[in-house]
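Below, each structure is written out as structure tokens.
In the two complexes that follow, chain A is the common piece, with chain B as its partner first and chain C second.
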Partner chain A sequence: MTTAIIQSAGLGKHFGSATILDGLDWQIAPGQVVGLLGRNGAGKSTLLECLLGLREPDAGVVRIYGEDVGQLSDATRARIGYVPQKSDLFEWMTPRQMLGYFKAFYPRWNNAKVDNLLLRWGFDKLMQDKPISKLSGGEQQRLSIIRALAHDPELLVLDEPVSALDPVGRREFLRELIDGVIERGTTVVFSTHILSDLERVALDLAFLKDGKIALQGRLDDLLEGARRVVGPASLLDGKRLAGELRRQRAQDGTVSIVTHGGAGLALLGQEAGVRVEPLSLEDLFIEVTQ
Partner chain B sequence: MTNHAAHLFAISTGSSEPIYRQLVDQVKRLVAAGQMAPGDGLPSVRDVAQALALNPMTVSKAYSLLEMEGVLARRRGMGMEVAARAGAAQGAQERAALLRPTLERAAMEARQLELDSDTVVSLFIQILKEQA
Partner chain C sequence: MFGLSALGAVVMPLLILLKEDDLLFAAGMSLRVALTGVVLGWMLYFVPGAVKLNTPAVARLVPRLRRRLVEVTALVWVVAVAMATLLSLNTKLPTALVLLGTGGWIAAFGLGQSGSKVGTWVQLAFTGAFVFHRHIPPALFEGVQHGTGFAVALLLMLAFAAYALQAMFLNGGERHYAAREAQILQIERMSPTGQFRERRQNRFDASLYRWILKRDSATRDSGRLLLHLLGARNHWVNRAVVLGAILALAAGALLVLHAYGSAQTQQLVKDIGWMFPLPLLLGAMFDTEKRNVRLKDTAGEQALVRLAPRLPAGAPAFNRKVAVMLLRTALLEWAMLAGAVLCAGAMTGASAASLFTQACLCCLTLPLVGATLRDHAHRSGLLGWRLLLGFALSLAVSAGVGMLLNRGMGLPTAVGAALAGIAIAAVLVALGFRRAQTAPYAFPAGRLA
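After this line comes the complex of A and B, so read on.
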């Protein structure tokens, strides 16, 4: 077992009386490509910020590459890339100035990659000298991604990286993520609501709910194991299924159970009046996070 | 090559079937139908990943599974090709296995509609005749 790149234990965060993170334990292994899912307001951004030491938790510890996140060395910092959900810093600078400014902080800076991405993502000379505040939301997001990729990070954390991009922009971003990032063995953690993008690139999923990681696993395993079992209460009430996530009882006495332990349900599906259905990622998202 | 890969496979997100499974089934179908013959090369993992915007691990998982099942073989040097005994040599039983997922779905719906086996089977026979 390789050492985890990010290790968090007992992470807690409150805003006023609201508990956002509640003793959260999570580990990210080297080379993982993990999608973080959760409903709006579940605390995904707070979690990512705490993991990177950008926000101080009320409880718990986070270690990145074995170092306490509150006291990261410059060398470790240089291994991390981060795309915040919304970056409203440096708005008075031009893209050219901002990239030049950041370049000074990093021992390694991939000029060729930056120039190539600027060119491919539509930053012509004119736009590179325009104040960032004058760029559109999508252009700012693209710039933020370029900045995060410029020093070839070994750990890339992205918070809703494509929320402002149109489908073409999203596809271009995915291709860059696949070709320029994942192929290099970079560890990637990203939050998104766009499940179709997630399915294309993430190998692992983690669902954030009630301040904890409610469910995590390989995307393929989760899809293959997720089932909804619907049948009469007389038959299902006494049965406890492996990997049960949710159990509901309708007015008419029909019981609906969602599980992620799909194997072994085939026999149950033979029973009269029982239906066993596979779930899509969207179904699973709704069932796990509701 | 990129275009080749893009035309060869189509995946759909939002399905209950994992993407690597979709790729496996598509290759099997192409081979069973003779659209790909033994010795035909497959686009590289990287090309498929780029063309379909997929994690390369997903594509190589599909290829490895197909290799294990004897549908694909690793080429000396690089890449994958359709295995010698795949395709035409594939027995009716193996081709029938490809139909199973579709029939399983149909069977599930038939049960939901509370149809008895005879009704369903005779309907299927009728449809087969219509298509012939």
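After this line comes the complex of A and C, so read on.
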């Protein structure tokens, strides 16, 4: 069995009386590309920060490449790339200075890749010598991604990396992510709200809800197995469906049940007044995270 | 502000009435204090808030808001000027000058508060006129107080006030967007934290920083690299250049004094000139606060640096590295300040004894370097009154120890106090390092509660 790259057990985090992470257990295997989904404020950024040891959890342990996240060795840290949600990038430096600064920390630095990305992502000579504070939000985010990719990380953690990018920028980033990162076997964990991007990139999805991973699986399996069953309350009330995720009663008295991987739905769909519908990723997101 | 003014407006007339039985004068003084409080509150709180509120989008898109801000500002200005003028009646102050002066100065202050350089220059001009009023031809003062001269001056003052009002509350567009950065900077300067924020680099700063960063990146020394979390303008090389410039200016001034000053002045400089550079030592206090604010402002960058290799793993080792970096910076900056003070003292031709006293006084500020060692996982930002209080306490203890040693051992008070200052600094540093060993990992995302 392959050892997980990230292992978290019983991870807990509270902000005041609010529980953000509630005994969360999660494992990321080598080469896995996981899209982390959750509503605003669900704790995605907090989870990623705890996984990287940037935030101290109130409970639980996290191990990366088998090392305690609070004691990561130089070699392990050199294997990690991180794009934070907010691109705080030494805004008094120029892009060239900032990249040179981080290069000094890392034992391995792919200059050719950096130059290539700078060129492809529109950082001409003038822009490379401009203070980062003068760059637009999208430009700063692109620079943040270049910085995270520059040392060819084996584990890439991206916290909403495309939120400030325009469609062209997003497409270029996804192309780089697929061709230059995922193809190399890099393990990727990223959170985003743009579901169409996830469908293009992520092979696995994890839904964060109420401080726990509420649902996780391969994208295809999740979409294939997710169904919404709508029918009269007289028939569905009192009937517990296999793989049931959510049950809701509408004002007209009908009951809507979201299931995942439940068997026997075909038979139920033949009952009078019962509909069994497939779910899109957006539907699934709404149903799981609501 | 208003509470203090109200208190002053009540207490001041009571004190006057206790001393002399002049009800009219006491009432006038009460009104003056109240008016000063209202005007100060308006200038320091209302104007910055109003300017902040009047963004380019708000100015153009929110109906009536900009007009209302202009109206309220103009109304307060008119009332303040009218009240000041009325209160100058039956006093020795020339009423016309009070009218012109308060009108112009308040407008200039408001303009300056909105980030306009014109406002700052006009305020400087007013200050200059106030300080050097004896050198201004009396005919000019006379001229603007009567007849045509007054009418022209009044029109000029009103035109300037109208310009100030318009410049304070721009009506959107390119000009407003261009002025916004200066406005925000000025508003930020009004807050204690804002004063220590990283400012935009000028060309000299930028080229100096380019050299420093290139050199530090080439060495790949994690301690030096960590130092860049403090920003571009807080590097010790930058400080050395600034102090060098101050010393060069002081040397120039002393040369001029040597060439043209009277023998009496030169002797005075020789006797007490060494005291003038002493306020430079307070720079150590501002440096401490600046580092605190910078370490709060660069939380995002800190996360990236923490993940980078070459920095020690584990909270105790990492915290120790941070503490060493901060202590080294603080010590270096203190040494440079002390060196500059001693150098300036030597330039005045001070005696060896005076320079020795100066060196002892420098040691009294040494405990400030200990204040830079904090638990950077929990707390951040300004130390504020805690730093002031701690420094005052340290000074008091040092002075007390100095006096005790003087009585007990005959050691000069300054030497005893300096030794106490060094001892306090050593204790603070030791405690700071012990805290760093046991504190949680510094610079977590967000901060621990």
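Everything that follows uses one rule, which is that the second predicted complex is superposed on the first by the 286 of 290 C-alpha atoms of A that agree within 3 Å, B and C clash if a C-alpha of one lies under 4 Å from a C-alpha of the other, contacts with A are read in each partner's own complex, and residues count from 1 in each chain.
We take it that contacts are C-beta pairs under 8 Å (C-beta built on N, C-alpha and C of every residue); 3 or more make two chains touch, one makes a residue touch a chain.
None of the values given here were measured: they were computed from a predicted structure.
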*Determine, for the superposed arrangement built on chain A, whether chain B and chain C clash or fit.*
fit
*With the two complexes superposed on chain A, say which partner A:Gly231 touches: chain B (first), chain C (second), both, or neither.*
neither
*Of the two partner chains, chain B (first) and chain C (second), which one does A:Gly100 touch, if any: first, second, both, or neither?*
second
*Can A:Glu199 be said to touch chain B (first), chain C (second), both, or neither?*
first
*Residues of chain A touched, compared between chain B and chain C (which is higher)*: C
*Please work out whether A:Leu279 is in contact with chain B alone, chain C alone, both, or neither, and reply first, second, both or neither.*
first
*Regarding the shared-chain residue A:Asp74, is it in contact with chain B (first), chain C (second), both, or neither?*
second
_Touch test for A:Pro153: chain B only (first), chain C only (second), both, or neither?_
neither
_Touching partner for A:Gly211 - first (chain B), second (chain C), both, neither_ = neither
*Which of chain B and chain C A:Leu223 touches, first, second, both or neither*: first
*Now for A:Phe90: first (chain B), second (chain C), both, or neither, which partner does it touch?*
second
*How far apart, in Å, are the nearest Cα atoms of chain B and chain C after the overlay?*
28
*asked:* Just to be sure I follow: which residues of chain A are touched by chain B in one complex and then by chain C in the other one?
replied: none
*Give every residue of chain C touching chain A within the complex, in rising order.*
198, 201, 209-210, 213-214, 216-220, 222, 225, 228, 231-233, 298-301, 303-311, 313-315, 377, 440-441, 444-446, 448-449
*Considering the complex alone, what residue numbers of chain A touch chain B?*
33, 171, 174-175, 178-179, 182-183, 195-196, 199-203, 219-220, 223-224, 226, 275-283
*State the interface residues of chain A toward chain C in the complex, per the touch definition above.*
15-16, 49, 52-56, 70-75, 77-78, 80, 82, 84, 86-90, 92-93, 97, 100-107, 131, 147
*In the complex, chain B residues that touch chain A*: 13-21, 46, 49-50, 52-58, 61, 108, 111-112
